[in-house]
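Here chain A shows up in two complexes: once beside chain B, once beside chain C.
Showing the complex of A and B:
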């Protein structure tokens, strides 16, 4: 239990919130609402999955919001140019890998602290995009863009499935594959990992490329939910993703954390807004409550730790 | 100078190199060079950049950011971070406004209590971080939402405190002895205070020790928790002080004060050589970082460059300064090792080994700097070309007659540059500028920061344009600076949204808030057949215009349509995807809703897509948006109709009015204004009317392309 204290705290906060909603506004638990929530938050979950890798390595990436915007516009422009959707997807992911690789070089090769390197990337990408598009939307997309041309039900299914597949593959990767274990090793102690024969720089570089690829993929599936691509997508996405990961118990210093925790964190943050609306809470309080819930989740972890210590003490 | 163990072993006689290193322990000289280059480039390309007045103006712009950067420096040196500073500014601003206006406290008392509130907010962070040892990044991420959310909740987003007494506003807007902005004194005092605290006291030494190793600091007998608590509480108080300066500067207190300031402040600190890992950094470095950023923004504006360049160059600078630091640090360690004092800097040596900057990397670094320089050079070349073009028509005449003036410069500002609504206005403005042969400067905020509009106008005043036309975001805030522009003999227009009446010559009025609100409500009533429930999707909860419209919508609703009910007002932050999700939720929470009224341009297609995907054909969408964005939904029938005016014509008319104002054809008492393809436009008092709001629907939407 001690190991997963934070994950449990996040899950407990989520359960408490859902229980409150179940008592006061049971209509929240409808299949339609579940479907919409899953679909709306699938892209954020994909980004949070990538962010878990980055934070586990002891790094951070605050440029994902800007990467998301660049990838969205790239998807729109390429689709409009007449590329078939699979080719668009491939091109967008490559574009994401390229952006991630820039971060990777800055952090792994040149040893620039990740928060600084990605802060620079964040403003550079966002402002370059604004400069290039002047905020214009990509409109008049071909018919096969929205829902990949498959219709709402099938398209939505594919998006949620894609998010879940990526999530499951990531769990496998982190838990069972040497490259994934290396992420933990580097995050726990870069020096020890190096002595054990792991190249920390390669792992760090790879993690940022992976982050870029997942961000681009998230942008792609998000864009495919609509018929137009706005010029300024993903503002604040980085904070959302980081919040989901850290609320879900991943240590910001790296080396400790689970994807299950990230799922709990992402679910908690995804549910707060709609749940408050169902509870009839004035939207003016939403942001304040969101902050309070994050802080409460942190404090509950401490309370859990206390209880545990008391229990240990009593059993001695 | 203080974090190098060598300082203690120094012999009385220092070599010049050592003195140099003592002054710039983290290669802050690189920033001096950057600032010198900036001053040089902008001195050539920017108009009136190299004037004392502009120097003080730059100082004024940097005060709020500077206070945050100062407070963040020790926090980052201690290995922490405070993301909540910008949000604390918003909360402090509304607390200050409420204390002064609602609690009727005198200004000094309100200031003291606001600073106390800042301390309390900082204490919340401090308890979580110092007492419970939670990671600062997560804690302040939580309080980042909490503080801003409280500010919005306390004011319902609507409250905008203004009308502060002149003696208070003088602090933010006046000039001591005719030149010196008073708030610069506060910043100066804060710099000295923080420099003394960090570099001349044992507390400061303790913070460096904590940054190197919290464990080690504890073993050395440093009260780690208390020292950390101190700097986080100071940060809260500094954010409050920044908020008070901000309120005095803008003349208004609103929940959105300081949006995004935390990242700018962190950028300044890191640019100034403070290591994000802690243990290294100086106050002078942070001040230099601040100056580099503020000068860059101001200089780009004065040379008429797009504001987006500031972000791109700042990013490049961040990377470049750190790499320079790496390269020279390695060189220095090598020399130090050769001199046989390597033992003294063992800590650095390890880092140097990690850094491992090679010649090839220095080459790449040079390439980065070169690329950045090329961007500047390239855009300057564009500038020169545009200047040549503008000079060309006059040709040799310039020298012959001094009466022949160069082309008038008309500066026009949208509320937000990236907003599709304003992009369409720009189309019309540029069309008119071409027809009239005037130079059009188009610049404005790229983000939600409400102080940006003031900064841009200040820069235009310094630059010396002929006319300024502003779409006003914050009435109380911008009016003071517009009055200043009028005093300098610049023609001032407002368009799209008005300032206070005496702050401008004319208002290009496309529709009054009342007209918009009533038209929206009447249209909603028509679609609903005068009965049923509807919901509103607004922009952000603190958006001034939308709140004004909602007020009139409610008034009309109460007066005319007793059987219609407004069940929810939800924010979208002007984001299409957020509007989509909020609409989905509204439709489920209030199944009786038959109409969604979205009153921000990107929110209408978002709401329409949500209704379309819900498959509920009985629900309709209306609101305020642009034709191109909504066309598919209007044709498919999800959007029954929406309200707007011809935004292209609005931009067009504004430039014609500005030209007439400069030529003194449009003056008080004028009845008509010739406006090119629009023909004669009626002038009523001090307003130029574009016409009534227009209702777009299936039958007419294809006639419009914007």
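Showing the complex of A and C:
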């Protein structure tokens, strides 16, 4: 139980928030509102899932917002060129893998600190896209683009289902596949992992590719919610994803954390804005409160770290 | 020389995690003398030095400087009182100039004081000239050679008006000419009234430079003699002179086939060269030598961490190339590293994940981890190795040092290795756990495992090994059978120039 304190804290905060809303503004729990919330946040959950892998490895990827924009435009352009939607999806994922692979090479092979490497990628991708599209949106998309041509109800269902499937597959990958174990090992101590026969460079590279693939998928399902693709999608997405992971209890230094925590963190940050609106609080408070939650999560990590060190000393 | 010693340390004791590093040691240093400090690896020299420089505090005992008791000595306080230490690896700021390095060591005052650059340069120039250094105060420290960096450190110490200078193996990486210059500088410092504590494994230097010598062994002071009154043989006898206790459960095992063979193998980057060695199934081969002799480097070469680039490695008679730990594991080689807290186990992972980490492929079916089998295997090793843990799900961080070492060992036994390399397997763990690990090593050898054991503890080397290889300077300089090995012979070879 002790090991999941941080995840439990995030879940408890979410539960407390929902309970407050249930008491004061029960209309928050209308099916329509719930569906909107799920649909609006499904793409961000997919990105936060990938970000959990990156942070567990002890790295960070702040280029996901720009990757998201590039993947969105790619989806729009390919669909407009007449590709069927499954082919568009595949092409977009390949595009995401390629962007992730560039990050992976920069960090794993050339040993550039990930915050610097992905900062460069963030700027390069965003501005390359601006240059290529000249700020224009992709319009006049074929009818099978929005909601995959299935209408809002079925299309929305597919989007949420896709997010949940990706999330479930990721839990399996992290907990039940050797590669997932390697992610934890490398994040906890890269040298110790190397001495156990794991190649930290391969793991780090793989994690960035995985991040790129998930970001692209998120961009694809997000784009399908609209009739046009904007050229500036995903601004601030990296912060949203990192915040969800950190609030969910994953150690920013790597090696410790769970996807369940990320789900709780993402849900907490997703719900807080709309919940405040239902509670009649000035929406200007939303960002401040989100910031306070992130700070609380980080401070509790420091406090827990101290407590653990004390416990270790005591047991010796 | 005066009667009142410059430094008088008495009854110093210090334990680390239950291991007694110093056990009532005493030491005396006069002004105007060079006092050599010798002892085997782990005799307590570094601990004594760290106490004198204020880096750590003794559990018991007292230190008197000029007859005044120093209590709760901090590094700042030690520096203020003129105590300076120079280590084998120079502790300098590589990006700064020589003048800046010297200034950082000896200027006093707050962080907001104004800096007079030309005064810094002038003084650095004078100090460097005084000790015969031939580089400019403007030289960037990282551009200097190792001996020049050492001279820079000495200049810094003199600039700080050090009266008590500690030199830890200062000549280990110097050429003859550099050593001569260093000795001249040390001689001048002594004549100027400073006291110098000189630590060296090069016993033949001591008559040249030292006035007196103190021998430490097992954390105790064994003897202090005037240097002219003692010869090399006597020194070595004092350093090792201890009874080999019968605590080692040595078992007679008929060695089997050759499991690992090195022929002239070496690795240029890590300084291992021309190693020829044969390791047979059921045999424990002890690797003796001083710290820095290249024993860990040899282990890392065999394990593919710094791949061999010369000679030949054979596993079960077949020539192999080991380019990575994964290659080594595939060939049935396991390596339990020295620094287990950092490298042996992964503190954040539970015991079961630590157990299977080196054999994840073994525990996967169709790409999926078999968590049930992982749990069973971990429980099996917990029982077999007597690991004290709340459960196999407990994080390794919650275990004691000895139990972490057993988990690290369990991880490698789970790979079912033919060759097991143990690097300081019992360093820093308590007596009970130590005996258990020794007993286990005997069991494993009896099962036909070939074991290469690196140890800095002479009794462990002599007690556990069937054969003993002695390393110095990245080479194997001698090989003894169990019957012909004595502490004196092993140490003599390890020390020889």
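Convention: the second predicted complex is superposed on the first by the 295 of 316 C-alpha atoms of A that agree within 3 Å, B and C clash if a C-alpha of one lies under 4 Å from a C-alpha of the other, contacts with A are read in each partner's own complex, and residues count from 1 in each chain.
FYI, contacts are C-beta pairs under 8 Å (C-beta built on N, C-alpha and C of every residue); 3 or more make two chains touch, one makes a residue touch a chain.
Predicted model, so just to flag it, every value in this text is computed and none were measured.
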First (chain B), second (chain C), both or neither touched by A:83: neither
Touched partner set for A:304, first chain B, second chain C, both or neither: neither
Contacts of A:177 with chain B and chain C, given as first, second, both or neither: second
Partner chain in contact with A:193 - chain B first, chain C second, else both or neither: second
First, second, both or neither for A:222, with chain B first and chain C second: first
Partner chain in contact with A:101 - chain B first, chain C second, else both or neither: neither
Partner chain(s) touched by A:120 [first = chain B, second = chain C, both, neither]: first
Touched partner set for A:256, first chain B, second chain C, both or neither: second
Broader residue contact with chain A after superposition on the shared chain, chain B or chain C: B
Contact footprint of chain B on chain A as seen in their complex: 25, 27, 30, 32-33, 36, 40, 60, 106, 109-113, 115-117, 119-124, 126-128, 130-131, 134-137, 139, 152, 222, 225-228, 230-233, 235, 239, 242-243, 246-247, 251-253, 273-274, 277-278, 280, 282-292, 294-295, 298-299, 302
Complex interface listing, chain B residues touching chain A: 128, 132, 134-135, 137-139, 141-150, 152-153, 156-157, 263, 266-267, 270, 275-277, 306, 308-312, 314-316, 318-319, 322-323, 326, 354-357, 361, 417-420, 423, 446, 541, 568-571, 573, 575-577, 580-582, 584-586, 588-589, 602, 605, 609, 613-614, 628-629, 632
List of chain A residues in touch with chain C within their complex: 3, 175-178, 181-182, 184-185, 188-189, 191-199, 255-256, 308, 311-312, 315-316
Residue ranges of chain C in contact with chain A within the complex: 17-18, 303, 305, 324-326, 328-329, 335, 337, 342-349, 353, 356-358, 360-361, 363-364, 367-369, 371, 395, 397-398, 400-401, 411
